[in-house]
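Both complexes below contain subunit A, partnered by subunit B and then by subunit C.
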Partner chain A sequence: MATHQQAKKQRSRADWLLLILGVVLGSAFGFWITPTILYAEKPQPFQFDHKIHLEQVDDGCKSCHTFREDGSFTGIPDIESCKECHSADEALGEDPAEKEFMKYLQADQPIPWLVYSRQPDCVFFSHAAHSENAGFECSRCHGDHGQSTSLRPYEYNRITGYSRDIWGKGPIGLSGPPHRMKMDDCAKCHRENGVNGACFVCHK
Partner chain B sequence: MWRKDQVRYGMVIDVDKCTGCGACSVACMSENNVGVLHDETDKIKSITWLRVYQIDNGKPFPDTEVAFFPRPCMHCQGGESGTPGQGFFQEDTDPDAAHTPCVSVCPATATDYDDATGIVSQIPTRCIGCRYCVAACPYHARYFNWYDVPWPKGTPRALSPFVSPRMRGVVEKCTFCYPRLQQAKNKTFLDGSEVGEMDYQTACTEACPSGAITFGQLQDPGHKVHKLIKTDHAFRMLEKLGTNPKVYYTSKRKWVRMLADNHLSQAKAAKAAASGGH
Partner chain C sequence: MDWDRRTFVKFAVGAVIGVHASPLIPKLMDDSTIWTQNWSWVPNPEGGGVAYARTVSPQTGTGVLAKIVNSRVAGERAIRVEGDPDHPLSQGGVVPADASALQLLYNEEIRVTSPMLRNRKTGEVMRITWSEALDQLAGNLSELAKSGKAHQSLALAPDPSDVTGRILSRLMHSLGSPNTAYTPTPRETMALAGVFMMGQPFLGFDLANANYVVSFGTPLLEGFGAPVAVRQAYAKWRGYPKNPGTLVQIEPRASVTAGQADEWLPCKAGSEGALALAMCRIMLEEGIYDKSIESAYGFDDMKGFAGFKSMLMKDYDRNKIAKMAGIPLAKLIKITLAFAKAERAVAVCGPGNSGDPGRMYDFMAVLALNAFKGNLGKPGGVLTQQPLPLKALAGDIADPQQPPLAGGERPFNVNNVNAMAKAALAKKPYGIKTLILCGGNFVFNGPQANVMHELARKTPFVVAITPYLDESAAVADLVLPSTHWLEGWGDSTTPYGSPVSSYGVHRPLVKAVPQARDAGDILLAVAQRLGGKVAEALPFKSTEEALAKRSEDLGDFEELAEAGSWVQKKAIYGPPKFNTPSGKLELFSMILHDLCVKQAGSADVLENMLAYLGVEGGAKTAFLPHWQKPAAWGDLKGNKLLMQAVPSLRTTWGGDAITPYMVKILPDTMLAEQDKLVVEMNPITAKALHLNDGDLVQVESEEGSLTAKLSVYAGAAPGMVFVPVGLGHEAFGFQVAGKGMNFNNAAGVTSDPMSGMPIWELTGVTVKKARG
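Moving on to the complex of A and B:
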């Protein structure tokens, strides 16, 4: 018993330093190295300036991101929508991205955009319910994506293949947009607003 | 517990009209991305959300009569139910009395009873595959995925994007084609309308060539099902269990109605009573 107490007293400054170092290294591994290993990056097909486009249109996000008659959301506009302003004959700008874009336009090929906010297959999300019925601004979930001047690389989980935006950038949810789009986040908002929280409301 | 602002979707199947062709089963499999396994002769392991059962009156020729029972998920609620004579679908006013056999046993909350629609969900991604619900369901409406579906090359492209395909190790069942309601609701959000009777119909209802299946809101007097469940010929399967199913059957043949509730014949009942069994 006596020797045990003695050993406790003999804990030196180096011991404490080692402990702190361990905590710091462990945290670094958990918060920094693990996400780096877990997520891979892919570049978008070419750069896109949301801000410059938003300045040209009248109806905000809804000018290009529209609803179909049946209430489904078109998501990222197809090349036909681009053609409403852009023509295959002449580029409108000098940007190197424009050159890339012209290739798709001339070939009349769809642009293989990577969707940051694509949910897993089992999720049913109705844009109509949120933006039309509940009257949410797009930025409430998508952040200031509409004001961005470039597209950040698409990050995806190496194991599941899902976009990192669903998980959210901040590991403890303190950082800003892109906002987390996990089931807990959907359920939290539904609970707070008294919206039906049954499984089939969001699952298919 | 049903409130006035909530709806209760249900189905009425006319057994006398059913020819047992199986078009409903095929439509169901196609709609809900149910695959074909390597060995579909193994009926214990094959998956049929809507299965057609054949029953007969047990009499020798020429008095033999046959009837077919298409069996989707019954979307049980439990509690005190209204009698067929009363017609109206009733639910217990005490929420604690509500008892859906599969929902009450699920340890993972992978299935729930939606109070807004009366539909029992199944979330395969949450299912842990314990098959407790399969054992609890009195109607054998739940199926376990013993294998991954061996989709032939190219066929996944033909799957419905509105229904998530399942993997091995999870349970699945009829959902009353819920994704169709999701799509119908989508439209109402945009134009402010209501989901009408014909806006949401199940795949089996649409596929039935003899019009034996009717689908709609049980509590809405404007819907066909509301009138059909008021007839004297309406009944439900194993009604005496108190599961309060939302799938009704109609038949003018008494022996069909008797058999559906698993009534013992007089002779068998006497024999059972004599032996002390039940």
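Moving on to the complex of A and C:
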């Protein structure tokens, strides 16, 4: 009888270790699989060197990422903006990306850049209010993107279709700008700066 | 350690706990909710620069602003249509049809995306190239012309005054076909009445400045003329911002306009013209009329003809007319006295509720009443519009040798699409071999939809030039995609009843269907292929070029296109110029008289001709404003009722189809249980026919029948049934198709006795309980 009870106790201890092992493995699986199954990659149409462009212009990011007359933000420049410096007749350099770029330039077609920081359509965001009025540097939300010499692959969520930069690289989605652009980050900054944080400020 | 069931369960439970401790589950749940933002049917336009472009909707003739997003990648897309605050006929307002026009523009399921050829035998539809399509049409017309049968072609378009209508007319005429017809409008009836009495074809009502308005059966607030401008005038009558006024509505149903009016006179349907003349008689008897009317030609008796005054005294006794019209005499007198005494009063005529062009003598009667009031050329009265300074596209073309399908027997030619279609079907004087439906969706809009459908079915070659896969495209052999008004060139002229003339140019603002071409461009390309006289008659490469030529006198074309419109700057106040033979207002119309005598050949034959045309009373009254008994009254035998349409700004009166948004805002009194047409009937009439509220009924006319749910409504005149118009499409996608039934399938279209215009205001019908 005693032997049986002792065996049961020993087995019970081992079983609980298995439970803990299960927790550890399950959790590890969850942390590993979340980004693997959720995110996919797409290449950008061709490579782009922000740094080299930034060195050529006078007004920093705003040289190409301009505001319209009505104050709205143009975002990615259109092909007409590229033509201000680039000619469709002659490539600037031998870079393979330049060759790809020339195809768009010559066909006068928009370049289908994939936007890392594109927010869902239900979000209203005014660049003018943040960069012009509040005086934020672009890097505050966009990090050192302007200093990059190449474009990393665009990662997007298979379910939502949105860029991974919104959720952030971390497996549990914690951190903050410039590594993440979630609603919590907007709300936190608004709170800290005493700006209205009501729903309708961003969700029109 | 043994690996048994217990250990496995513990490990599994641990694994589940572990997975839940990871972000996998909450992240999946979070993403699943976010996923709903991007369902394929959720509109999610690309971001980009937003701009407003001015243009004019040809559907209403009023200015609108198209809000357009210019996406870097996706290009331009219209996202909203708003009223144009700077357009005098819009002032920032917009009707539901224009506000929701994008639902038709961007509905890929209902747009024609490439030229298509249908094999009649197999029903198979084949996509073809533009070159093949134009060859087909040009080849067909060329063969007809070569074999001397050009006249056996009939072309229909929505508007004779727009550039497409002009191009079509020139194409057909130069080809040798006299058969071009258009959607009938009250503008034409008013032009006839205006020319006959005043020598002025372009007349309008200064509603915004009137403070006493009597409407003779016209749905002022349900789509009349330039609908936004009329609504704004109404707002003024209600004291906003000033100029409070009184609205009197004379019609047999408690309509939206009647409900908003200060006084509603529920008259017998069709008696409106008689009431206008009875009001003249009361003003005459009471001595409260503008004395200058006494100098009008035909006021007093003339040699051989009784004058207008004698006719009024003989035929329009206040007691008799009030009794006939079924309204209390005291009310008629009260209205007349108030009208006569009001500072700025106007009597309004126009399309009836069924949207027909109106009866010419009724229009003349209302013009006479306005003349009795002395408001011609005065603020708040009847004004002459400045004629639109538009040029002819090119020189005159000789009339085709063959007579037109219909209208030749009349003193003057009018556009009667229904008579032409019936003549073609009867092959009298001849049948047709080719039918060109250039917009307007005639197979649905009719005016007698069944007749148009039958004509399309029996004509060997039918061409539909249309932006939509509509009912006309469904019966066509060749379907050619034309542009929507937001994506192509076109124009529109003054809406009916406007006190000032206006011209609208619409230009390509967005690209929606790559293969679509302007209807005018299609016709011009056909003309080029036909060559010879036809190409010479249309020396333009594009509709844009034709528009530029047409509007040369309006200044720089690019500026005009950018502005979208030209509107007469100031209303013309002051005594109107009477371009009549007598140089005066003519109550006895010499122009009409001379035309009739010329047609008849002699005074003796004149009576016979008038009798043949169905003009009651003969030559004694034919040239005076008078009242004719509506033809539909003759149908009222046994249990027959009169059917009249119920118009609404939430449906359409011809033109483009109702949009999905408009279907959503329809009340249960027009469309019930999602798809059932609702007809209204007075409780007394319903009781007599043993019908109850909610019964499914069959409304039958000689032309067709409708199945509908009955709504017993005390606001409906006894002896009548009221049917919403603009519903019952078989095309236009699941949100629109199958909703209700088409009023125009049951409408009985006759010709106005004198003008020859098609009219369908009233139709004799029977109503009985539907089986099942």
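Structure notes:
Everything that follows uses one rule, which is that the second predicted complex is superposed on the first by the 172 of 204 C-alpha atoms of A that agree within 3 Å, B and C clash if a C-alpha of one lies under 4 Å from a C-alpha of the other, contacts with A are read in each partner's own complex, and residues count from 1 in each chain.
The criterion applied here is as follows: a residue touches a chain if its C-beta (ideal position, glycine included) is under 8 Å from a C-beta of that chain, and two chains touch if they have at least 3 such contacts.
All values reported here derive from a predicted model rather than from experimental measurement.
Touching more residues of subunit A than its counterpart among subunit B and subunit C is C. Contact with subunit B, but none with subunit C, is seen for A:F67 once the two complexes are overlaid on the shared chain. When the shared chain is aligned, subunit C comes close enough to touch A:Y162, but subunit B does not.
In the superposition on chain A, contact is made by A:K204 with subunit B only, not with subunit C. In the superposed model, A:L38 lies in contact with subunit C only, and not with subunit B.
When both complexes are overlaid on chain A, the residue A:P153 reaches neither subunit B nor subunit C.
Judged by the touch definition given at the top, the superposed model places A:N133 against subunit B, while subunit C stays out of reach. When the shared chain is aligned, no partner comes close enough to touch A:G93: not subunit B, not subunit C. Of the two partner chains placed by the overlay, subunit B and subunit C both lie in contact with A:D121.
In the three-chain superposition model, subunit A touches both subunit B and subunit C at residues 70, 72, 120-122. Residue ranges on subunit B touching subunit A, taken from their complex, read 111-117, 119, 121, 123-126, 162-165, 175, 178-179, 182-183, 185-191. Within the complex, the subunit A residues that touch subunit B are 67, 69-72, 120-122, 124, 126, 128-129, 132-133, 196, 198-201, 203-204. Interface of subunit A with subunit C (complex): residues 11, 14-16, 18-31, 33-34, 38, 68, 70, 72, 74-78, 110, 112, 120-122, 157, 159-162, 171-173.
Note for the complex: subunit C touches subunit A at residues 1-2, 6-7, 10-25, 27-28, 31-32, 34-35, 37-38, 44, 47, 49-50, 72-73.
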